[in-house]
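In what follows, chain A forms one complex with chain B and a second complex with chain C.
Coming up: the complex of A and B.
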């Protein structure tokens, strides 16, 4: 990467972050989702914060904050994908694209800068919510190690998942209307994460599982709040089992790498589509 | 920067031939581009800015071949471009927007960039509004932001597509003066429908029609095309049926019509001195 490319990337990152983080919907959508979470996820919070709920056995810090991450990630990523869907196409819609494209700045570097900048801005409220809950938990149960686990979970589960989602949210609206993308994305998110594999073919529990089944299972040793769930690996009789090797630390890192490679491919595809339109 | 265009054709998807075998050389200095709506001016400018690839033909700018990526980037390093249909990011202030574009144009040094953005805001008379969001800018103010961004990196080639559309008369005159001062040893390619703007600034001019070159020469030569074809006639009857009525002014005893026509449109018509607009009309209305 030449220094000029790095500077282009840095400039787009900064300005795309700035524009997105100031957008009201970037804060309102996650706020409403959290309200929803508090209403439907109340039982989980009670599990975590009220020891009496769990027969006097409070969940230990790791299980608690990882469990929290799964809930926050599963719910707030939906809004995250929807909020990013206009970012790339709006350059055309606002008619700013011609002046950007007439600069000597490399379009690929601008795209990556936009991806990281707008993605980071949209992730800020999610991280605020997650670390807010994790900090509350750490104080409430006097378990400072909870924050360490929260950071680790963020790094191996939330960030790779969001990078995966952001790549598609940015580029797919180049080939379909953004509202249609949002509908399809929500459907995909529920199908690929929630639907159990013996019901119908799904990406849940595979290496391409943006909710992070492999790292949850093999890196964080998380098996549900009650300790008897698994999050990755083959399901007897399900299709796509070739994508579900046994969860080990190696397959967990492999799964993170697969998410990032697929994300990079989506960005490269988007870049090619734009270049072709010239 | 000298622009050389030969056999340039652009056919859009759907089969519209916006440019049809265009040959044109643009020297340094101010150069005007005229032509009816849809004549292909914007298409030509978008090709020169590296935004659109031609269907066929050859374009070099300052010796750089626009058909290669390296050639386009080399041209873009010295390019200022003001599109006809300019947009801005509504959520940035004028100063931030210009700062962002300066960064993309490779003005890396922070102090230089700040100074340059400040100077240009001054040039387009927006210093007082520099820290307001662009969302609240009027059309003419946005256009001035567009002018400022085109001048950011001290371009050797400035392509401005109808830059004075939407400007008030003061700003329009200020801007065209600015353009002439700026031109010097650089190349400024100006397209407009305000023929007078070209007369006041450009040495040479090209006229496009349906994607082809129908005239290239000096402003005086263009004016000359109307010699013996501009008429003045006063009548209280209907306007002359022949030719193109350029103006109609109330006059004692009826209306005074100025008409561009190959022959006297009326026995009472007197020939008058042509202006550049008459030349353009004589050329494009037959």
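Coming up: the complex of A and C.
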């Protein structure tokens, strides 16, 4: 990477981050999500803080914060993807794309800067929510190791999942209207993450699982808050089982790598579409 | 302007997502029903009705959430004799009307082929149409009101999709109490208490009317719409 490219990437990352993190909606949407979740009596807090819910046995620190991550990730990623969907097409809508293209800053570096900057800024409230609840749990149960597990979960589950979502949220609205992307994204999120594989062909529990089935299962040894769920691996009678090897640490890292490679491919595709239109 | 031209124009301004969303939603729902290998007509019928009760309202809701903040020169709209909020309301009517055409035709096909009757909780061919009318109006109104409050499609669309997903993920929890049951979007295909169905549908329609009224009040403050979009 030449120093010019690195500077472009750094500058666009910084500015995209600042622009996005100051948007009120980036904070309001996750806040309203948490309020809605608490209003319906979300299982999240009861699982963590109410010993009666756990038959007198408070969840062990690792299980508790990993379970929390699954709920936060599954729910707040929706808003994350929807909020990012207008970031790339916005340059065209405001007619600043030609001006930016006329600068010596290379488009590829600007795209990666926008991806990382806007993505990181939109993820800030999600991480605040997650680490806020994890810290509350750590204090409540006097289990400081919970924060360590929260960091590990964030690194191997939440961050790869969000990087995957962000790549598609930026680039797919180049080829379809952003509202249509939002509809299809939510449909995908439900279908590709939580649909039971023997009900219909789905990417859930495969290596391409942005909710992080393999890392949850093999790296964090998480099997549901009650310990009797599986999150990855083959399902008897399901299609696409060739994408569901047995969960081991190797396949877990492979699954993370697959998510990142697919995300990079989506970005490269978006870059190619923009280059052809320019 | 002749009325037909006017409505055609509003349909164009509602955007491609409003046009393509409902048919794509129905197509995906029907494919999901066809791909389901579990035996039993009731399961397949449930997914087919689910396409009407879940997928169409989502598409219509996000399309309604994308109406405010689309016009490049909103000052012109605000200076026109027709109040801008009436224009936006027309676009919402077009958006929901098109979703209703798609959903109504799909329902007619399901009734004619007998699939409608195979889901035990179908509530008949006439009153049963509230299966899609109520959640479509409800989620559409949530989207429209959120668009008016946030003045942009990104946050409003995110709110509609999140609300929809919460009710999908936590269907049981959401229905533990009466207010949650009354405002649950998927009472036909995932309802907990069948006796609540009519009240639930009417409550959704009432909530939709209240939210549209709220949106119109918010949109009346036209200075909020100029230059302050949350970019």
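Going forward, the second predicted complex is superposed on the first by the 275 of 278 C-alpha atoms of A that agree within 3 Å, B and C clash if a C-alpha of one lies under 4 Å from a C-alpha of the other, contacts with A are read in each partner's own complex, and residues count from 1 in each chain.
Keep this in mind: contacts are C-beta pairs under 8 Å (C-beta built on N, C-alpha and C of every residue); 3 or more make two chains touch, one makes a residue touch a chain.
The model shown is predicted, which means the values in this text are computed figures rather than measured ones.
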| item | value |
| --- | --- |
| Partner chain in contact with A:102 - chain B first, chain C second, else both or neither | first |
| Chain B versus chain C as contact partner of A:24, first or second or both or neither | second |
| Chain B versus chain C as contact partner of A:128, first or second or both or neither | neither |
| First, second, both or neither for A:151, with chain B first and chain C second | neither |
| Which superposed partner A:7 touches (first chain B, second chain C, both, neither) | first |
| More chain A residues in contact - chain B or chain C | C |
| Touching partner for A:35 - first (chain B), second (chain C), both, neither | neither |
| Chain B versus chain C as contact partner of A:200, first or second or both or neither | second |
| Chain B versus chain C as contact partner of A:78, first or second or both or neither | second |
| Contacts on chain A seen with chain B and repeated with chain C across the two complexes | 19, 23, 94 |
| Interface residues, chain B side, partner chain A - complex | 46, 49-53, 73, 76-77, 79, 81, 83, 85-92, 96, 100-101, 103-106, 108, 146, 149 |
| Of chain A, residues touching chain B in the complex | 4, 7-8, 11-12, 15, 18-19, 22-23, 94-105, 110, 278 |
| Of chain A, residues touching chain C in the complex | 19, 23-25, 28-29, 32-33, 36-37, 40-43, 74-75, 78-79, 82-83, 85-86, 90, 94, 177-180, 182-187, 189-191, 194, 198-201, 237 |
| Chain A contact footprint on chain C (complex, rising order) | 15-18, 20-21, 24-25, 28, 32, 35-38, 55, 58-59, 62-63, 65-66, 150, 152-155, 157-159, 161-166, 168-170, 173-174, 176-177, 180, 230-231 |
